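In order of appearance the chains are A, B, C and D, and numbering begins at 1 in each one.
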């Protein structure tokens, strides 16, 4: 990619804001570590999301003010957070009962690859010398009702992350509902990747070009959110 | 009167034997029973299998136990951390083996072990590399994996408040694995920041009932792993 | 702000439909949501499958729902009680069928349903008549039965204290099935003796987190089944 | 049985006291409804037992004083009880995790029949018109470490309750460790029923006569408690 190309599409913050737009009021949400966490900053006025962190807190609030944190009040990324009014603490088995039992409405996660069938790879590069680490990712994709992925459309090397089938080790099979990238919003449908929205200045052909599988054009009404 | 208190962390862990399986509470530093782990290092037990969500950071607590060469096998969900080179070195050199278990499956296996459930079917990890070699079965048109209950010879956990009989309350997200590990450990050893007489804790608020607890020892000001790591501390 | 409160018990149960499966909390009278059950009788839903540990006593609460002919199937562990003739009559005349489940297996099936566990292996009831027709499997030289998770369209439970978001605390042994039924019901309906604003309940003491609760209604002085039965009360 | 015969052996209270003698200090115990409940009254001085009731209470205390009870603080027999210092409340799934997970040391139950292999029948007469009801009995015998049965040696009609094999529907297979009757204390051993103790004025022959299976005589040391 040239320097000019880098400027097309949404910034990380804009991607997060675009995700936030699509989350209904009152949803119980788990935000993955990294870019997904940004989503909380862009929830539209008048809408309330309830944040779950799988290490055992519902109604998680933002980071504490300096000096006011507790090293034992942390999120799944092991960073200090706060508890909002109405918060509750629970142990791991109850926390993953919430996840696995389908009680969470939505999870936003990062990705290495997403296949056109909705398979997700986001936990391992599969290298022989890598230390494998999975945490709660496989539980989240298996249990949460809707899985949104937020990711750059391509890798730093320009390789597509939306592919016909994943080459990295899978996190889950047929689990992703939507992908939010710097270029577009794409739904995973029975027919494959379906364009839902384009970043300003980006056209269908540009997105198709950078996508490793066939892309269906925007439909008047999409119902796969 | 039932009294499960022990004079200090050394007495609390003295029964741990070589080759034992241990569950150790904590998610990152929250809930990690650092003082009990350090006492275990002093105690000297080796060839341990450790079930814990992570592998510690820096060279204190669980990372120090690993560094001391006492752990032959780790069962955990997330062995990588920002500040740890201990486990990666042991893993790459083959001195410590790893059984990687998704976090929710790990929690459910521990609960099952404590609850007398031999095995259960979970949808987590179906179709992924972590399903390799596992029995699968379809229910309602979806694939599930058969996973087995886990128990341990000893469980080491940290509580905010205990009574002398072993009823426990935790601090915020430090609760994490402790209540289920207390259930699944044959001998459950607790370090508590405060110990009170029975009846001083409202029975509606007790998270771990005494029946799951065997030893309680007082550690009034438990160290925070992140502060130790930031200070470059090592143990011993 | 999330607000799950409903003006009264009638509004709280209005979504229950004919043919629904309901979980109803309570062990004997402790925890029985009598006012919600009476509202359900008024509401008129019929052909219900009810999952509840017992079948009520006298002719109030659950026994009244049975007497009104609304329940085609009971799933429970102990349908007999000292003061009830309602269920025995329905059972002997074949108007209500019974699936008898050991109490611990019932609890575990409900928890499994709420926790996304399709099925599990339990030693309870192996080798007994209640194992007939069930899949068995040996683990560690012992026989286990395969039991399946249970879910329900609606759960009706009673709490001592709720906040407007649905965080719950119970009263003593009235807790019994409520926390796990709240997990396993698609729509969980709560009658609470007191309702407060979010943040008024210590987050360490909440037994049922709001995520498992959908409707909360205020029943400030819930009736005690034993007192109603002693007074010869009937409903409607 | 003649009226005279009824006077041989232990009373219900003496049977309960004999059971209480054999329960070690600090045991976590579940007492079944009826005669088993009497055991709590006869715990020897200086010994503390911790009572579990499967409807969700540990450290259960005796019945409340008149007017001081709470209809929602009850035992598994649905009678009002109290909570001792150190008590805790928990839900049904946690309560049966205690039971099934082997955390209780001992359970004392009544019986219709006990077989020489330790099978127990105590939940149903198996009549076609009976309302079947099992409660927690099958969980208790499957999960608790030791199962003591307390029962009259024979039925009201004089039929033995200790038998070669049970004819009533089973509660559990090979679960009973000891049987305490009005006549004797009998251990279930790999060799069958083994006499452990005799009520005053009762001899081996009397017990054997009223037992529906072969009885082994008292050994110097029995280790099957």
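Here are some notes:
Here, a residue touches a chain if its C-beta (ideal position, glycine included) is under 8 Å from a C-beta of that chain, and two chains touch if they have at least 3 such contacts.
Owing to the predicted nature of the structure, the values given are computational and were not obtained by experimental measurement.
A straight line joining the Cα centres of chain A and chain C is 36 Å long.
Centre-to-centre spacing of chain B and chain C amounts to 34 Å, using the average Cα coordinate of each chain.
A straight line joining the Cα centres of chain A and chain D is 56 Å long. Listed for chain A are residues 83, 89-90, 93, 96, 99-100, 142-143, each touching two or more other chains.
Contact of a single residue of chain B with at least two other chains is seen at positions 108, 111, 115-117, 122-123, 170, 172, 204, 207.
An unclassified topology is adopted by the chain contact network, corresponding to no line, ring, star or complete arrangement.
Pairwise chain contacts present here: A-B, A-C, B-C, B-D, C-D [touch as defined].
On chain C, the positions that touch chain A within their shared complex are 1-2, 111, 113-117, 163, 165, 167, 183-184, 197-199, 203-204, 206, 209-212. Of all residues in chain B, those touching chain C in their complex are 108, 112, 115-123, 139-140, 142, 144, 148, 169-170, 172, 202, 204-205, 207.
Interface of chain A with chain C (complex): residues 26, 28, 48, 50, 52, 58-59, 83-90, 93-94, 96-104, 142-143. Taken in their complex, chain D has these residues touching chain C: 53-57, 70-74, 78, 83, 89-93, 95-96, 99-100, 119, 124, 129, 131-139, 142-143, 169-173. Interface residues of chain C facing chain D in the complex, by the touch rule stated above, are 27-31, 53, 77-81, 87-88, 91-92, 98, 100, 102-108, 110-111, 122-130, 170-180, 207, 224-227.
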